[in-house]
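One chain, chain A, links the two complexes that follow: it is found with chain B in the first and with chain C in the second.
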Partner chain A sequence: MVASLASGALPGAVPEAGSGKVTSPMKVLGIGLPLLYSAAFFVAPLAFLIMLGFWLVEDFQVVPAFSLENYLDIAQHMFAKSNYALAIAQSLWVSLSTAFLAVLVCYPMVLAIVYLAPLSRHRLLLMLAVAPFWSSYVLRLFSWQILLANKGIINSGLAWAGLESFQVSLIYTQSATRIGLIHYLAPILIVILYVTVANIDRDLIQAARDLGATRWQAFRRVILPMSRTGLLVSASFAAIVSFGDVLAGALLGGGAGKSVLGSVPLFSNMIMSEYASSTNLPRTSALAMILVLVMILMLAAGAALADRNKIDAG
Partner chain B sequence: MATRKQGVTPIRSFGAKTTRRGFLGAATAAGVAASSGLTIFSRTAHAAGRMRVLCWPGYEEKPVIEEFEQKNDCKVEFKTYIGGEQMLQFFAQSPKGTFDAIISDAEYVQKLTAQKALDPLKPADFPNLADYHPKYRDFAPLRAPDSKMWAVPTRFSFYGLSYNTKYMTEEEAKTWNSLFLPKYKGKVALFDWYLPNMSNASLAVMPNNQTPYDISDGDLAKVKAWLFKLRPQISVFSEQNQGLVNALINEDAWVTPTGDMEITLIGAGHKNFASTVPDEGSIRWSEAAALCADSRNKELALKWIEYMSGARVQSELVYTKGFKARAPNMKVTKFWNEEQTKLMSYVPDPKNPGKMLVETLIDKSVPRGLPVKQPDKAWIAIYNEFKTSKG
Partner chain C sequence: MASVIRPDPLAADGRWWRVAGRLYMAIGYLFLVLPIATMIVFSFQKGQFASIPGQGWTLQWYGKLFTDGTLLEALRNSLIVSPLAATGGCILGFLAAYALHRFRFRGQGAFSVLLVLPVLIPPLILGVAFLGLLSRIGLQGQLLSVILTHVVIVTAPAMAVIQLRLGQMPASLEEAAWDLGATDLQTLYKVVLPFTLPGIAGGWLLAFTFSFDEFIIAWFVSGFEQTLPVAVYAYIVGSVDPSLNAVGSIVFGLSVLSLIGVELLLFPILLSRYRSATS
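On to the complex of A and B.
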């Protein structure tokens, strides 16, 4: 999916396959280094996590084994007692709605940068949009805590302006979690969406306008369909990151923030809390594997939607 | 005089003698260590004049350890942990002899002795014990399962009620059941750990029970019902004290069943906070210094344990960045000013003539323990169910 976006964004940028020598040292290095990086920082840790999920803890020591005990125990607690399913549902609800809202916030910003600002200002505007990314995520969350607190800056400001009856009560809700996540995700989504929107052929938009399309029609019939892959990529990315995030749920969501599903913790917060209570690494790894599995399913759904979009467009 | 660098031998190079089995073993150990947060100490760093301590945060802070290092011309390395289970895992996963001393929660000392990880101590080696509060001079959890002394208490405090005096009265703070008052709906902040919360609930259900962890399944069901009733009142679960402090300062929470909060808050200029132990009782946590059986520097480790029992160091230890707590050595007041002494409750209790306030709180509280009749997992499952029950 990402590859298709990259090739769509930079047509002709990839050299033709087979143009060089198969055994060229540069080619080996070019392919080998990313493979080595992926093996060291993705495949190996993931394999270790999978393996650890089958191990056991005996006398406070992690003992290598091939046991399904952790998974069976988690399965027993899925819909009863610990109610992991409810926490997973809360995480899905928060991450999917966050992804939707984050794209909704970032897409108009990108459209404004690409179509309203002069080309010479694009770099500066992108830098400004990405600027929050340079500060610490935890620091940003604490800042939001100060802003959103019941006696925080927003409510104090409203009270100062004589609007005491308009007090907002957001802290320790999943809405606050979403705010923290959107602030975290926005710079990355803006970059992804900018690459997509900036590469839409302007001649097509001009042709639509010449044929009598209004601005809205040109947007709806040309820009939006051609942005769809970028929108899906960024939404999938936002959903996956939100699903695994712990900090926003803990610092702004209060560990079990309120949402339409009730005051239920996010699954990631539950994993952290369980590890802190039991320090049972194999069981925590098994829980983390469930988290990874849901993320893979989200990625697969995003990829399938993008593929369907390509077929529709084709 | 020995210097800190004496005895440090060069690190063996990772060269021709390294076998594939050795490499794989090292890589696996590194993987396990990295994933569990374990620090791998250099073996060569374990020289004379150096010792290693596995401890809760606070013990490594300069005002606490500097005097010992200077006096003994040594270097103390610290590996900090959060939670007794983590301590046991770090200890079990480290090679024998990695640590010379351990700061353990009192209830986990029994688990360490069961693993034959500790050496017993001689009370005569610790003259400072004479200045300890009577309950800590001979602290029962550190004696079990036999009559030997396995560790020396270093600091303690209470899981009572910390509250905002603007909203909660002293009278209300006398009972856990005040948390159910309608005005506290969504105004209770909870430290996110099953052990203190469930045992305080146990005391609320069975007031002044000296063994709130040793309860029947029927009583555990009552504890669960009490917790579930409390769920709508809770606004925030925080794994860090800072989260609770922020919630109290911002008035997003008015009360928390976590003691000591007022020490931090009043110290930061927020005078409208107080804490107490409700009449039904509360849990008291205690830490103690123990000597590792496999220590390669027992002489220095014993000196450190003796040092930690002193009034001067404890007067600093209870004021660390990591934790605010109370000192078992009652002579700590010599090192505090009047304001500090009052803040730490080492002042006469007007309601109990002849006793200090801190002594009354000790009498009203019971040491934290571990579930006895049920496995830990059963208590954690109830706590998780309580958290996921719709508040």
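On to the complex of A and C.
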């Protein structure tokens, strides 16, 4: 109460109605209800997930225990049979390369919107870019499936146009997975990057140009360094989403899509299909915990790398 | 651009940059609309396997959709789940946003982080976690399970939009109400809520879209009460059926409607800083 009185007395601060009396019921409700809901349906399930990894299944029943069996069994299969290590490697490779490509595709798009289109058109162009986001992701993937299929729209269209020698065979490879993911991520990345690039002071770019910098130099020395944060945020966002996504890998990658690492499923797809076939929830929980762990390591490594580059650049 | 006003020493090479940039932009937008255009066009095409040239126009896939009923029932399930989840998310989001706007309290930062956290955790993890807990208390495999869990993930986007709108409310508005003798509840009901309403509506639409499109959590917790994305997934894995294009087109039609709603509600909030309260 003392704290709230003090802040209420500050000029410009939002005054507290009834400060000095009992705590406002609005305050109790406003903080209490969301907190309660979050504790029951968010914190509790996550805490339980950690616990569940140590439980066991006996006679198709989940039984409470404190056993490392799930983790030990997974460790045994890291390099044999299920080959989790390879799946994790595949996931890392696909998600990191997707993040890189997605930013590489979206950044020039945003530069073109910001620097080539008149300001009055920006809103329309952004709306158009975000439009796919409002349609269903699963159905968009189905659409990509019929586009990319071996006798699908793209290949039959190429043949129809007399280009039989140009046929793409992308479906059920991790390249198709990447296409699906990039299409899903692009609207979000474009918005994040637009906010970054649109906020770069144009006078700085003009100053660089007036001082004799070429367009390339102005980009390299002014625009790119000032987009750094946006590029990092959008790349890590893309990496997290791709790493946890199951749909693109299942529908376009066909479960075990081919990549330079071979025809190996993504780790996320493995978790999903293992649960579908076994419904062994404790084991699935243990696998999910491993996914969380790998993701945290990936982010930490990314953050460390970004930090080092910052020092190098400075 | 400023370079239009001043004589540009590199205008000649600048033109090529412009042409290249516009071309790139065109290709980018083509990539973005391609699957959606495909979906709409081929929902009216005869052949079961989509190819070029087309095999003539038909409405049979829409007809099949309505006679078959699996996807339609899933659509109905989704139209029960998503509005309720969005409403729940908006109630929690509004309460939290208002508390953060009005009051100073200890752990304020932790409170908002806790509410935003669900969107940062991969839904695959949340799906496993939700199923784990819900199956312990016998709440799995119902529409209610999907609603309860979707509320968790849609609260953050709803709250973000409502917070933006609350931030645009001049502090003098609430002060005036109190000075004129309104109670807390009256101020909330007669001043704050009407002002925030566009934000709540925008947040609701955003929350609805998130829930309507959510797959993996629903896949884990819904059991046989499939929502639309879950049913569509099962359908795709099972067969190639252009009925999916018909569903896709209907869903896209729905989302165009919500897009118009968003255009009218969300963008003005995002783009304006301080609107007068007279409107």
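In this section, the second predicted complex is superposed on the first by the 255 of 314 C-alpha atoms of A that agree within 3 Å, B and C clash if a C-alpha of one lies under 4 Å from a C-alpha of the other, contacts with A are read in each partner's own complex, and residues count from 1 in each chain.
One rule holds for everything that comes next: contacts are C-beta pairs under 8 Å (C-beta built on N, C-alpha and C of every residue); 3 or more make two chains touch, one makes a residue touch a chain.
As the structure is a computational prediction, the values presented were derived from the model and not from experiment.
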Which superposed partner A:152 touches (first chain B, second chain C, both, neither): both
First (chain B), second (chain C), both or neither touched by A:172: first
Which superposed partner A:214 touches (first chain B, second chain C, both, neither): second
Contacts of A:100 with chain B and chain C, given as first, second, both or neither: neither
A:77 touches, of chain B and chain C: first, second, both or neither? first
Contacts of A:111 with chain B and chain C, given as first, second, both or neither: second
Touched partner set for A:278, first chain B, second chain C, both or neither: first
Touched partner set for A:59, first chain B, second chain C, both or neither: first
Partner chain in contact with A:256 - chain B first, chain C second, else both or neither: first
More chain A residues in contact [chain B versus chain C]: C
Overlap of the chain B and chain C footprints on chain A, listed as residue numbers: 48, 52, 62, 142, 145-146, 149, 151-152, 250-251, 272, 281
Contacting residues of chain B [partner chain A, same complex]: 31-32, 35-36, 82-83, 85-86, 88-89, 91-93, 111, 115, 192-195, 231, 234-239, 243, 246-247, 250-252, 376-377, 380-385, 387-391
Of chain C, residues touching chain A in the complex: 1-3, 6, 10, 13-14, 17-18, 21-22, 24-25, 28-29, 31-36, 38-39, 42, 49-53, 92-93, 95-96, 98-99, 101-106, 111, 114-115, 117-118, 120-126, 128-136, 148-149, 151-152, 155, 171, 174-175, 178, 183-185, 187-188, 209, 212-213, 215-216, 219-220, 228-229, 232-233, 236-237, 240, 244-245, 247-248, 251-252, 255-256, 258-259, 262-263, 267, 271
List of chain A residues in touch with chain B within their complex: 48, 52, 59-62, 73, 77, 80-83, 86-87, 142, 145-146, 149-152, 171-172, 250-251, 254-256, 258, 261-265, 270, 272-274, 276-281
Sites on chain A touched by chain C in the complex: 3-4, 7, 12-18, 24-27, 29-31, 33-35, 37-38, 41-46, 48-49, 52, 62, 105, 108-109, 111-113, 115-117, 123, 127-129, 131-132, 134-147, 149, 151-153, 156-157, 160, 183, 186-187, 202-203, 206, 209-210, 214-215, 240-241, 243-247, 250-251, 268, 271-272, 275, 281, 284-285, 288, 291-292, 295
